[in-house]
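Chain naming follows the written order as A, B, C and D, and within any one chain the residues start at number 1.
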């Protein structure tokens, strides 16, 4: 295991930043998210490693607004230009284990054999993930119940495993990309491989029966009970690391324009509203039901894994405390 | 921005003109051969009250340097009272613009009747000069620049 | 500079359309036009299976899914109904020959051809719903020996609203072992054919078929499916199509799901048996 | 506090058992100690779920919108600000006063759950921002009341935070708002919780109209923020729920309060949500309004 003293982390990240675009978790005026390390160097944001960030690292692969292609529509002519390729590999430092699992969920969708998403794939392949194990889970965390290994990050996503010990960080390369990246940094210490002490999580349950149980519950009164207080805002979906629904929009400037892929939320009326006015999911009940079932049943039927990884963001950030863990526990019984 | 760029700066001014008065006033300015700089784009609205504050914000967002909302004098509204609502609304938006850091001298509301061709000329000219002196608007802008290669058209 | 061979495996970005050119525009009815689209090089943009979809766009206006009703050596045909409050369809109807548009596809599952083979088929369609069904009818006619008797039952609001009149009255009746029944909703001067709604007409004709393909307005589908069941068709062999709001067309953007199915990816063609298993949320 | 809680349960029980109400909306304890969350009670057996503590921040009046065409008779518990919200909604004809019963609860100010989430257990948690400036802790209108009125701790509107922004120079103001609105993730929680944002069809749900872009950047976000503030100008009841639910901590009330301040200065002091009829400042006028536009 390679080591870096916490006090020298800036130097470590600085070295990486010379070769890669480095993204780190930051506190930007009270909002925690992933941002370029240059923001920290310039003092715009503060490095934030005390807990997981509010806006998950899905932004690295699926930004809230992303240009898909540009076009020029002039008279009868149409030209379409694809966006330029990434010019540099990037390093994402401090992705928590739950979020690496979330990226694995996104892979199922965007790296689907039939229709691969090249923009997503390009970012996935040119990103080196430093995944940081959590020693002190929050009261809202339930990742262990959702199948996240708290000792080892999701191997298909993480390139370097990071552990926190007292005043040092320990690094273990997991992939070749990660090893090459670590080898390029000088001044690292050496230590024997070990695991940090990790506090147990408070919320615990076994969700394995959930998909089967939920299959018969489409018309259950539980949906009225849970959905009544929902505001139909998009907070849960936007802070969720696995929610990946998007909308395709225009940005027009005269004869030229840009197609944008922007996050969308199944909580919004516009999401399913058809041009003729038909609305298949009328209100709170239908939308909450669709969201929960997508996470806990539908995705499972398609990909044999949950679309919820237990980060607890929606539990912590929901304006009305609509708690998915409470729902899960009630369904399991 | 260099001084030179500011000196050569030609502001874009958007005028929301009430159909019943200012639009006729602008027309009168034209038929009377009154000269004013070509920096204005006139958008005809049924009443100054039709101008939603969002129209103004959108204009600034998309690259306009100054906005003029012009309607009938108080008491002369074609719809009796529309311009009184306009007045309340734009007293607020002027202050909100200052609060947002956009120089409120970029935004004017004026009462210009159909007979006031010279007033239209004067207001527009003064406004262009004023905005020229302040310089281009760089606040609240959505700066997306989209560059796509030209296409050949037969038209 | 490309840093990894990321996109080399799959060079096509499925969300970025290709440029297509309108070669021909045919007026089918007062509010339906058929657009014949080629690539600027004069090639067929893609090769669809019957019932598959294409994403047709005017990039500055919008993008929507339409079924590909027919294709030829160097073109695909899409028939589109204009809706008065539909922004995109109104613009499309104003286009002229030579206009360049965006086109991507083919998407969706299409009709299960193998399942239709060797069987007597009844096709039931109303209004613009004939467009997807027509792709299947044409496929059956091109491979005539693979299929049994073809019964086509089609209805429109009036005789002007009947799509593909040449096919209905000239071409298809001449195909061996094929019957075409056409009806309009209300009596009309100059119309001596059948008058009445499609589901009733299906009941009246009671075609002897082993499999059915149904497409039309939701009310037509809703009323016709039980009639076909009563005629003894098993749920697996009653085939229909669904439609929901779509954006990406490739099962990623999320909104067109019914349970764990995405209409754009796993549909739009479903059998009655599949529909029975899905939540009623469409 | 516990007396009020007991009374709440007793009132709810009586209403449900007598059939005067079929539904009671109150608060129950949520996931964390600082979460008190809405609960819908339909059976007298469940009234013990109801709680009253220093985190019952959320306004329940807006849920009455869901019941506007319902056969249900709905009782809600309402603090001072919630009763103003109730009036606002009745004024906008978005709820049915005939099928609702408002049970007023005087409030001594709620604590700030966002601060509580970051504070170690046991430490003192400050009041929620809007509560600090509250002038109406007692219900302004209700069908019945529990507990006794408290003495308001503020008598005049406090615009010191707005004035602090006004005192900045233009560049600093623009930079401040750009910084704040670049945090917005456009989840629309502020809109959906707001009792004044009660339109059946919001312009920000119509992206095809071209009015709102789903593109998320500081400019578009601020366009959303200012537009929303304008739409609630003269109607905002200062409950501060928008700011309380914002996952990104955007100071939304600073926008709303600016309009309140200007309306007071220009058109005379106005208190939203005290009446259920008549005009609001932006749908009325005085011939003698200030004239700056000759």
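Structure notes:
By definition in this document, contacts are C-beta pairs under 8 Å (C-beta built on N, C-alpha and C of every residue); 3 or more make two chains touch, one makes a residue touch a chain.
In this text the structure is predicted, and so the values were computed from the model without any measurement.
Graph distance from subunit C to subunit D, where chains that touch are one step apart, equals 2. By the count of C-beta pairs in contact, the leading chain pair is A-C.
Averaged Cα coordinates give subunit A a centre that lies 44 Å from the centre of subunit B. Each chain gets one centre point, the mean of its Cα atoms, and the points for subunit A and subunit C are 38 Å apart. Centroid to centroid, with C-alpha atoms defining each point, subunit A and subunit D lie 31 Å apart. In this assembly, the C-alpha centroid of subunit B lies 50 Å from the C-alpha centroid of subunit C.
Within subunit C, the positions touching two or more other chains are listed as 62.
Residue positions 71, 76-79, 247, 251, 257, 264 of subunit A are each in touch with at least two other chains. Counting only residues that touch two or more partner chains, subunit B has 144.
Applying the touch definition to all chain combinations yields A-B, A-C, A-D, B-D. The residues of subunit A lying in touch with subunit D in their complex are 28-31, 54-55, 64-65, 139-140, 225, 228-229, 231-235, 237-239, 247, 249, 251, 260, 262-265, 268-270, 284, 315-317, 319-323, 325-326.
By the touch criterion stated above, subunit D contacts subunit B in their complex at residues 165-166, 170-177, 211, 215, 217, 219-220, 222-223, 226-227, 229-230, 233, 258-259, 262-263, 266-267, 281-283, 285-287, 289-294.
Put simply, subunit D touches subunit A in their complex at residues 30-32, 35, 37-40, 58, 63, 66, 117, 179-180, 183, 185-189, 191-193, 205-207, 213-217, 244-245, 247-249.
Listing the residues of subunit C that touch subunit A in their complex gives 1-4, 6-7, 9-10, 12-19, 58-60, 62-64, 83, 85-86, 96, 98-102, 243-245, 247-248, 250-255, 257, 259-260, 265, 279, 281-282. Listed in rising order, the residues of subunit A touching subunit C in the complex are 68-69, 71, 73, 76-80, 82, 85-89, 109-110, 112, 114-119, 121-122, 124-126, 218, 244-248, 250, 252, 257, 259, 261, 264, 266, 271-276, 280-281, 286, 290, 293-294, 297-299, 301-302.
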